[in-house]
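Note that chain A is present in both complexes that follow, paired respectively with chain B and with chain C.
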Partner chain A sequence: MRRGERVVVTGLGAVTGLGVGWKSLWSGLCNGHSAIRRWQPEGMDDFPVKYAAPVDMAGLAQHYGSAAWWDVPMERRTRFGLAAAFEALADAGLAPAELPRRSGIAMGSGVPERDPADMHLALGPDGPDWRLLHRRADQLNPNSGLLNSNDHLSMSLAQSLGICGPSLNFSTACAGAAHAIGHGMRMIRRGECDLMIVGGADSVLNLPTMIGLHLLGAPSTAERFGDRLCRPFDRDRSGFVAAEGAGMLILEREDHAHRRGAQIYAEIAGFGSGMDAYRISAPHPEGLGARLAMQRALRDAQLDPIDVGHINAHGTSTPLNDPAETLAISSTFAGGEHYRQLTVTANKSMLGHLIAAAGAPECIATVLSVADGIVPPTLNLDNPDPACHLDYVPGTARRQILRAALSNSFGFGGLNAVIAVKAYD
Partner chain B sequence: MTGIARVKLHLPHLHCAMGCDWEDVWGGLGSPTVPGLAPWPDELMSASAHIAREPELSPYGVDRKLVRTMEKQARMALAGAGRLLDAWHPGAGSVAERAETGLFMGLPTIDEPLPGLAVLESWHAYGGRDDWNATLMRETPPFSGLSLLNSSACAHIAATFGLNGPIAAYSPFADAGLSALIDGVHAVAEAECRHAVIGAVSTKLDPLQPLQHAYWGSGGAERQRLPGEASAFLLASADAARNDAVLLGYARGCHSTHDDRGDTVSDLIGQTLEMGGYARTSVGWVLSNQPWQAAHKESLSRALFAFAPLHLPIETRFGYVGPAAATLGVGLVLEGMRRKRRWLTQGTRWEALPMDAPCSLLVMHSPMGQVAVALIGRAGL
Partner chain C sequence: MINALPPALVTGIGAVLPSGLGLDAAWDCWQTGQSRLGAFSSDWIDSRRIAGYGAVPQEARHASRDAVPHKLRRFGTEPSYWAVHAAGQAMAASGIEWDALPETRRGLFTGQGDYTSPNIMSLQRALTASDQGEGVDLSSLTSEALYRRGADPFMSIKGLANNALALISLTHRFRGPGAAFVQNESAGIGALQQALLALHTGLCDAALVAVCGSYMEPFTLAELWRRGLLLEDGERGLRSFDRQAAGTVLAEGAVALLLERPGCARARGVEGGVLIHAPGGFAAPRNCLEDLAGSGFEEGYRQALGRLGGTLANAQELAVVADGRGIPVLDGLECRQLAAALPDGVPITSPRPLFGTIPAAGALLDVALATRILADGRLPPVSGLTGPLAPQLDWVAGAPRQVDCGQVLCLQQGFSGFHSAVLVTRHA
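For the complex of A and B:
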């Protein structure tokens, strides 16, 4: 395999239910704070899904309300993504005018946000008619996904920053952001770009999308545990908890980062993906595609399994994912029973599931675990499922010096992606 | 990046309004079929559309109940991939090889009215008295979360045909289809997999499309634009032999303002040719999408300066097919190389001429400003 330049992380940005900014994210995760709270879709009080991890829009407006882009109509996810990207650039010490010419963008996004009221415009006195909807097009919600294609974030960012390099949007369900980060790394490594803004943004906290997820039985409808509902690897887990937000990373070619004296958090050393080829609505029970993705990420990063000390798990708190991921990790790190030495954490126990964006804040957490030597805990793991037998760092963060770590993201339908992060020295 | 020139591009397959067989489609380019009636009122956009026939999925053993959860674009993608995999390895002996085969796809967003017009009709019939949110909850199809997720198309292909290799999916426009080609070829070149299925699919035809086309701002050109349905696939395999078709070079970028459109396209074409080690005069065939937009034509002319190789505006025959324009274009190039022929337009007249230049260039634009360029030629020349 051809080896090119090392790719390093020089900037971070995040908007999550834990607050605005990556420091809020990292502090919240390390201190075991949960963003999950009681939630209902706008205008409803009896929706079966009772908990979610929404972004505090008032808090976001305090930070970015004066920005030129704030008043432009856009989906929630685009707003989160722009905020996180601008934070990441500032964190990297880069003004837009200082971006290298060969800069690019790679984003992960999911299902467009829809406003069901838009279709009301089709209703006339004689019933619905497409002609009416089209004649009233100027009344469509400009913040709705009906008018915003799902590359809106990547192109809004390109236009805001004057970027004329590649602008890619990945659609691999819950692995979208991980794909964007992995492919962004490869675009630098292959010499296509010197700098990439990578990550993802998503918001499923709208009625049409939540109905669709609920009908698939994916989010938990339980109320028994209150805001401790997201319980990855616990025997009482009952589904994921939906969330929204964004995470962004600035990736640079190592020599480019050095030349401008940038801080370096860690190296994105490898990426791997793999398909379950099993069922459309369930993961492979032994985590086949997940295992292949981890193995490919290790090979791509030229890491031996024993080099890895920590895994930031996909850990959704769904009945099927968690044991399958446990098996995938166990088989990937079976040599010398290394899986017994690994710390495995599930950020979703605090953040909820950011769906297409999930891989981005989780990759940020993995980068910071490697950089700071701290592994955040898995919350609410009161009664471990006997099928989940790894060290999930229950309850409290732990200090751990790490040479390398993996960040797992597994998309609906068995589309899996894994990022390998190495300590930078 | 020379590794990509060792990856063979072969076995193009398609599913489109002109048919599912390259013999029919290639021959039909000179005398295209009459488009069908678009599923929307004719005052909104063109009244015609290139409608692909419903794909036949029963040969692949897909359960009828599962098929009902799939939008037409997912069904077209499955059929296109299935035809390719059948041609590659008919029979059961293919399973082991497929386990290491990757999948790289360009996908559109799924456009579906939420709620559907039938729901609105029943709501209206009751005088709009029902609680709207309760109606939405009651009437939403149980698998809509699956149907409306565009990446489900990849999951269906992987599950149906047993693909365990690397995966990536890009969206939503024609540049995404070319990114699937570029990264799929890299996956093979970098030994991530020995073979990669590369494909793209258009969106299904839907009355929401005219709204979106108008919003994307083609200055009224949407009325001349014939939408189409299509999927197109090919295989990338390691160890290309001399004269096999290969990806020689590529470049991706975007123009963040309309003013820099021509410069961006020109730069990207220059980068692509430089990567492939060819001059502009080596390009014998240029295939692009969105040819009806004056700005695109102008930018392409600027990029190619006085040199004007034979140009095929893909969508004048296949309709606006979004990401599928890219892989349809690759398929046309591979077929052209096999036949040593290329199609060109002389006004409204189409003519097949000998292919006497070493390379073909694909230029894919998106309405949002992304551009991807790829150069395809023969290995080892």
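For the complex of A and C:
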């Protein structure tokens, strides 16, 4: 990539269980703080999943309660996404009115929120009854609404900011935000836009979605580890810990960022995706699709495997993902046994799993690792699984000068996405 | 400057639509003016307020279900089954020797029209069992759902909008690059755009774009009806761009396109055909559902057409397949934009009156039908158009028109404000 044409990160925004703002996220990750706490769906005290990483809504209201959009009814995930996007724009030194005409949006989104009370309003003695629903329409939850479409965040952002350019909404399960970031980078690289707002937002912490996830056996129901339940690569891991939140990045064409004197965190240098074509709800046991995605991201970024020093792993703390991802990393970086030199971290040990949004705060962490030379730790790795044999940076953050790093995101259905981040020089 | 993507050649098309299996059936319906919209019928929803619906016929449903391996069916939704069948049709039509093409060189890009799951049916038994008259007892609901089979155990997987991508990749063995889009009616165009990029950058040798959707979701239907967007007078029919338009008719279906680099296709003996040029997707600064009066089409159309600027032919060589949902305000806006954006004398048509508004797959259906317009040199009419909203435009009305155009521009709106434009040309 010629100088001036690279795609650089100039703004960051995050809303996670670690707090509001990317600085809370980064400080929490580097200091080993966990967002995971005892949790129950609203109005319940006996749901079998006992831990999650929710966003502190009171804290969010303190930051954004006076914003024009705050009082508009919307799903939680949309609220998180708007907050993170506005933070990222401010961090990039851009007011909405200053956005270039050739701006676009790429978002990752997941399953929409449904309120059981709304469903009940439509339920008559013989099943769903529309007439009942229409009669009771004024009782519907205005935040979830009847028409909570998947693309609501991207559309709300476009409308709030007056962006008329390309707008993409990806729904690739847990790889959604990573796809959005990768494709956003490619749109700038191809010259379609000068600036992209990319990332994702999600919240699965509602009863119907958690019921669905629990029926799949995906979230951990264990209690013995308390808030240390999320244990990527540990032999006692027992499933993911659900979370909510958003992460947003401002991507710009390098010369555009230079012209306006923007700070540059790092370069988004490559993107790769790959499909397992193995099983719907289980990864390929050797991480085939993950390996393909990493190899494609490296090639796209014109990186040799040896250039990479760090991987921000998908690391879900599920029995199947962690060894498969370990194998995928080992085989991708097998040359010269470079995998032995890599640091591999799992932010989910602190953040929980933000599902469709997960790739966004994890990409932000990867960008900051490259920019600041710090790799956050993997928490709760007390007894490493023998099948997980990499350097996972257990317990404490580590200083590491990085030239390049990867951020992995793998989704249900076997779709994998990897982002390559380079230090900006 | 945009580094324009080279066009891709369409070498296979598949469809599962209200007209049945395959694109031929849809093309025949359009040429002969046979509407595939029928009375609204659902096991779940009793409504006399919705005048019509474009349902995939039962035999096509059964065939689609049979196209999905048995062990995968429990994970899929019906629209995903249709996508699997349409994908299989497109793959077969392409003539590619699939056993000789490595799985890692097969790209897959899907779009889905929001979601049909989870919904009230996913939890109906649990909801009924936990009904306390004035509300739902959440503990009881959870207990019924988790321990007494009161919920669909795979509702999470069905609710993910990469459901079709997962089923197709497993059924048809795709391990190349992939992505799944949900962005209302333009999801298919997002997928198309990324497929072109993947082909151009050499990430794959064949790119399958498969898009599916259904509006058969109770809350979505209820809300669209409440907002006054749906036709209530069945006698009137869906009247695109007509003064008598009174609302749209929702529908469902799936469309798949198999794309290759023209050089690769030629090397294996494919001649002629139709090219797809880099599509443009764009957002309008207003949500059509929330602000019918000013949905910002001006900027959106201008940007999309601007991207195509250098490649658009003159009026004699161009035809347009426009959207025309039959919603008076939206059709009026679209007419104004067509008048502002197109050269005089460009013939305009729309298949919408016969097939309805299909989530995600509608835009790709237009593209698929555009390949037939170019192949047959016939432009079927806007069915039922007798009193156009914008009489100064050159509407194709009444009977099909013989045309000698080399380009068809497909324009699509989206309810939530995503719009798209795709240019289809004849390959020499």
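Here, the second predicted complex is superposed on the first by the 407 of 425 C-alpha atoms of A that agree within 3 Å, B and C clash if a C-alpha of one lies under 4 Å from a C-alpha of the other, contacts with A are read in each partner's own complex, and residues count from 1 in each chain.
Here is the rule we use: a residue touches a chain if its C-beta (ideal position, glycine included) is under 8 Å from a C-beta of that chain, and two chains touch if they have at least 3 such contacts.
Bear in mind that the values here come from a model prediction, so they are computed numbers and not experimental data.
Participant: Put chain B and chain C onto chain A via the superposition and say whether they clash or fit.
Facilitator: Overlaying the two complexes on chain A (C-alpha atoms) leaves chain C and chain B clashing.
Participant: Determine, under the contact definition given at the top, whether A:307 touches first (chain B), second (chain C), both, or neither.
Facilitator: neither
Participant: Contact-wise, after the overlay, does A:372 reach chain B, chain C, both or neither (first, second, both, neither)?
Facilitator: A:372 sits against neither chain B nor chain C.
Participant: Applying the touch criterion given at the start, work out whether A:254 contacts chain B, chain C, both or neither, answering first, second, both or neither.
Facilitator: neither
Participant: Have a look at where A:236 lands relative to chain B and chain C in the superposition and call it first, second, both or neither.
Facilitator: A:236: touches no partner chain.
Participant: Quick check on my understanding: which residues of chain A belong to both its chain B contact set and its chain C contact set?
Facilitator: Touching chain B in the first complex and chain C in the second, residues 41, 43-44, 47, 109-112, 114, 116, 119-120, 122-123, 127-128, 130, 133-134, 137, 145-147, 149-152, 155, 158-159, 162-173, 179, 183, 186, 190-192, 207-209, 211-213, 215-216, 218, 272-281, 288-289, 292, 296, 411-415 of chain A appear in both lists.
Participant: In the complex, go through chain B and note every residue touching chain A.
Facilitator: My answer: residues 1, 3, 40-41, 43-44, 66, 69, 99, 103, 107, 109-110, 113-115, 117, 120-121, 124-125, 128, 132-133, 136-137, 140-146, 148-152, 154-156, 158-159, 161-173, 176, 179, 183, 186, 189-192, 207-208, 210-212, 214-216, 252-257, 260, 264, 267, 366-370.
Participant: Going by the contact rule at the top, pick out the chain C residues touching chain A in the complex.
Facilitator: 1-3, 5, 44-47, 49, 72, 75, 103-104, 108, 112, 114-115, 118-124, 127-128, 131, 135-136, 138-139, 141-142, 145-146, 151, 153-157, 159-163, 165-167, 169-170, 173-184, 187, 190, 194, 197, 203, 218-220, 222-224, 226, 280-287, 289, 296, 299-300, 303, 416-418
Participant: What residues on chain A touch chain C, complex-wise?
Facilitator: 41, 43-48, 105, 109-112, 114, 116-120, 122-123, 127-130, 133-134, 137, 145-147, 149-152, 154-155, 158-159, 162-173, 179, 183, 186, 190-192, 207-209, 211-216, 218, 272-281, 288-289, 292, 296, 411-415
Participant: Across the complex, what residues on chain A touch chain B?
Facilitator: My answer: residues 1-2, 41, 43-44, 47, 104, 109-112, 114, 116, 119-120, 122-123, 127-128, 130-131, 133-134, 137, 140, 145-147, 149-152, 155, 158-159, 161-173, 179, 183, 186, 190-192, 207-209, 211-213, 215-216, 218, 272-281, 288-289, 292, 296, 300, 411-417.
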